[in-house]
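Got a structure for you, questions after.
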Amino acid sequence: MWEKLANIDNRILYLFVVLCLIIPIIKPIGMPVSINEDLTLPFYEFIDSLSEGDIVLFDIAYSASNDTELTPMVKAVMEHCAKKGVKIVVAGQWESGIYFTESIIEKKAEELGLIYGEDWVNIGFKAGETATWRLMRTKFWEGAMGRDINDVSFEDLPLMHRIQGLDPETFAAIICFTSGSPGDGTWITYFPDIPLLTGQVSVQVASRIRYLQTGQMKGLLAGMRGAAEYEQLIGHLDVATKLMDAQTLSHLLVILFIILGNIGYLVGKRQNAHAGY
Amino acid sequence: MKQQVPAILTTVMAIIMFLVIMLQPLQEMGAEASINRWFQMMGTVALFMGIWNLTRMHMSTIKKKRTNWLFSIWLLIVMYGYMILGMTQGNQNTIYRWFYDALIVPISSTMFATVAFYIVSGAYRAFRVRNSEAAIMMICAVWVMLANVPIGDFIWSSQGWLGGMQGVANWLANVPNSAVSRAISVGTFFGAMATQLRIFLGIERRHLGMSN
Amino acid sequence: MLQTLILAAESAPKEPKLGIFVNVDGAISGLIVSIFLMILTYVMINLARSGRPLPEIRKLPGLDSIDESIGRATEMGRPVLLANRSDGVSSVHSFALWGYLSYVANICAMYDTRLINVAGSYLSVAVNEEVIRQAYLQAGRPDAFNPDDVRYIPGDQWPWTAAVAGLVRREQPATTMWIGYWYAESMLLAEVAAQIGSIQIAATTNTAQIPFFIAACDYVLIGEEEYAASAYLSKEPVLTATIVAADIGKLVVLGVVLLGVIGQLINPEANFMVKALKF
Amino acid sequence: MLTPELQVWVAAIATLGIFSFLLKENPVYRFFEYTVVGMAAAHSVVMEWDNYTKPFFRDYVIKEGQYYLLTAAVIGLLYYTRYMKPEVQWLSRYPIALSVGSGIGYSLAYDPRPFLVQLRGTFSNLTHINNWIYLAVFCLVVLYFIFTLGKEKPAMQVASKSARYAMMIYFGIAFGNTVQGRFSLLLGRLTFLLQDWLHVITL
């Protein structure tokens, strides 16, 4: 009987997965989240240490597929920057990313009472890969073609007049929200002198931690949990916090299945061993 | 002409590229940007290669009436229709974007989302205590999964000794893990160099249709 | 053109190193690394050519079973699938891929087993066709080569994955090889192929994806093994000599680390190794 | 006719069609699979055309008179000979050879630099016990990837075994960390179906 646990049909597994995710989003439980002191806290403290009028660059380097994990981060960090009076320049290494987040970011900015052109600007996707960004280091306007996402000239955007180069004198930090390549690699390789903060999809976290130690990154938000922690730090519990319940349940489900599978496996192995005698 | 010349061209091109990146005077002339642009031009005129390959394969399926040949007809209709729409109207055209958002975006996201199911069935079947290595991998995976959700804090609080489950997971990620990741990347660097030098030194020429 | 020149001139960084080299971190030390490896590899190749015995290379997982698993595919009358999605024609992963492709195509030609190759770059697919055609020719079976099985599927991650997952379920390959740089699609593809009982060999340097391949595949080549295997498969001493060169490089790395540690212990402020590697 | 509401419906049906693959390969899935492959192939051409081909000819060649780029265009066209008669196929080797060469030159020049940054990071700070553990694990794993060192000696066997254990810890942790991200994606799709399509929940 027990060894059947080693061979549960995939479809039954899948059904349980769906249930574990749907039930909590219909009826949230609300578990508290603790703050990661090595990853999330340095990120928060870095933004918190910026002064009013500093400029940061948001790099949207992900596509709609990673919306659930990274967009809550973008929103939470935006909110924090707004509170500190930090100016935001949104740019994108991923074309699809910049277009699908455009309206989301706009809505959030409106909610936070930020004025377009003064408090923040969305310069859109820039084609030409790293060559473009490298050009923007010294000649921001030329490299960025002098126009924002809606084809408005930089001339008409007061914030852009303060920005002539993508250099440490102008930008206090680059905040890269990334799910792959091109992503943080561009900044690590070509802009090592500007402090880099990253929001990572959780799959990339393990391979990125080494950059924290070498100082190539100043802080890192890890997946939805990182977003939930950030929401807690800025004191505005939002979508990420809600979805964490579904996360919890589904994680427990995976662990349960692993345990069941192993019970089945070990029982089966013992019985086979007996059969051998 | 058919094989030797391209083989020599490979090495010469590699040397040029190398020098352009290394030498300050060439950098100052903007040679790297010009060469990159030259190569982009070369690649961009070949943009119909993929369409050609797909057309060839699906036409042959249709001609031979192999299984799913009706789907092949559908694919060609969609491909040429959508391509002509995009090339004549531009990729920001409303109708073009509508179809993009209605089909490519949700299908891509859904495909990505199904990975969650496969992770569950994969973990269920693979994480068995067959040997010590499999057991270590399983324990670490389970540990991190617990630490990543709030329940980990209830089992072993992050305010407690060693920073709790999360603390241990962080230590593993920060110390041995990043050492492993760095060591693997050192190996990868050498492997990649060796692979490229094989072509550079002309002993690997399979891409030019030569046996070694 | 002129504009580019001016822009580049204005963005020109500090004084060149040694009068001519670009002034960036690791420019000179990087140059030394490249040249050192170049010479080392050249020497090893020549040693191999002259027939001198070089150290033997340890067995890599799964490679010895390739022949067997293709034999199994032949018996079952099912195809072999070798796939790569993300690597372009000038990527080192493609360079490594050709080694696998040529070896597998050669055996498939001899066993008369169908080989399906899928690529996500429209330029790579052209090279793959060349490599496979050559392998069939070498096996003496140029007529058995079917260009319809060298397939391009647009390399956008998820459309590509949807197509290959469908292909795996429909064609039921008995052996599947995932070679190159993989992203999140690894778990899906490997699990779909595992569910139809395909024997799978995966090779990637993306450490984030290796655990998924380990979970679902029979053999996984980790990191550098991907490159080494490409040369190892050819069984030609001249090619495997380059692995020996890379091995010496790694020994030197261990030596440099040791020197660095000693330097750091004697005088942590001087940081002489750190500075040397930065030069 | 192409309203946003219809778009949500199409997207929802496509979503369900793709999910149906989890049960088994079926014609509905196949329909969406072929559709998305056709569209993606077209899309990649359209994006290339709009972002590179057109501007390259229009801006660089015609407007700025960078005629040297035309040589690249001619060589690039040789790629097409791959799908032509066997007698001319060899011409496609020229653009291939050049691309491969440039890739090699590029990596030979650039790759050592980040590698050296990583290398010096291993010993630049040795003040804490963690730095020493780090160093030991690093050396063990590098040693593991030296393929010519015999693994027969007991010392080597221990080293190689520990290196593998260290890697398994890494892979286990990477696996565990990813689970979170993947469920997030699935949550994203489920909220799309329940919130945007069926309107049964609001987040």
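Per-chain numbering from 1; labels A, B, C and D assigned in written order.
In the analysis below, a contact is a pair of C-beta atoms (placed from the backbone, for glycine too) under 8 Å apart; a residue touches a chain by one contact, two chains touch by 3 or more.
Computed from a prediction, not measured in an experiment: that's the story for all the values here.
*Asks:* Relative to chain C, which chain has the most distant C-alpha mean position?
*Replies:* Most distant chain from chain C: A.
*Asks:* Going by the contact definition above, tell me which chain pair has the most C-beta pairs touching.
*Replies:* Going pair by pair, the biggest contact count turns up for B-D.
*Asks:* Just curious, how far off is chain C from chain A if you go by their C-alpha centres, in Å?
*Replies:* 30
*Asks:* Between chain A and chain D, what's the gap in Å when you average each chain's C-alpha atoms?
*Replies:* Distance between chain centres, rounded to whole Å: 18 Å.
*Asks:* Nearest whole angstrom, what separates the Cα centre of chain B from the Cα centre of chain D?
*Replies:* 2
*Asks:* Counting only Cα atoms for the centres, state how far chain C is from chain D in Å.
*Replies:* Between these chains, centre-to-centre, one finds 14 Å.
*Asks:* Which chain A residues sit where two or more other chains touch them?
*Replies:* 10, 14, 17, 65, 67, 202-203, 205-207, 210, 213, 223, 225, 247, 250-251, 254
*Asks:* Of all the residues in chain B, which ones touch at least 2 other chains?
*Replies:* In chain B, residues 18, 21-22, 33, 43, 46-47, 49-50, 53-54, 56, 68, 104-105, 107-109, 111-117, 119, 121, 123, 125, 127, 137-138, 141-142, 145, 148-149, 173-174, 177-178, 180-182, 184-187, 192-193, 196, 199-200, 207-209 touch at least two other chains, as defined above.
*Asks:* So which stretches of chain D touch two or more other chains?
*Replies:* 18, 21-22, 30, 32, 36-37, 39-41, 43-44, 47, 66, 79, 82-83, 93, 96, 99-100, 102-104, 106-109, 112-113, 115, 117-119, 121-122, 135, 138-139, 142, 145, 167, 170-175, 177-180, 182-183, 185-186, 188
*Asks:* For a test of understanding, state which residues of chain A touch chain C in their complex under the given definition.
*Replies:* 10, 65, 134-135, 137-139, 142, 180, 192, 203-204, 206-207
*Asks:* Name, in rising order, each residue of chain B that touches chain C in their complex.
*Replies:* So the residues of chain B touching chain C come out as 18, 21-25, 27-30, 33-34, 43, 46-47, 49-50, 53-54, 56-57, 60-61, 67-68, 104, 107-109, 111-112, 114-115, 118-119, 121-123, 125-127, 137, 141, 180-181, 184-188, 190-201, 203-204, 206-212.
*Asks:* Considering the complex alone, what residue numbers of chain D touch chain B?
*Replies:* The contact residues of chain D facing chain B are 2, 6-7, 10-12, 14-15, 18-19, 21-22, 30-32, 34-50, 52-53, 56, 60, 66, 68-69, 71-73, 75-77, 79-80, 82-83, 90, 93-112, 115, 118-119, 121-122, 130, 133-142, 144-145, 164-173, 175-180, 182-183, 185-186, 188-189, 192.
*Asks:* Please name which positions on chain B make contact with chain A in the complex.
*Replies:* 33, 36, 105, 108-109, 112-113, 116-117, 119-121, 123-125, 127-129, 138, 142, 145-146, 148-151, 153, 157-159, 163, 166, 170, 173-174, 177-178, 181-182
*Asks:* So in the complex, which bits of chain C are touching chain A?
*Replies:* 7, 10-11, 25, 158, 183-184, 195, 207-208
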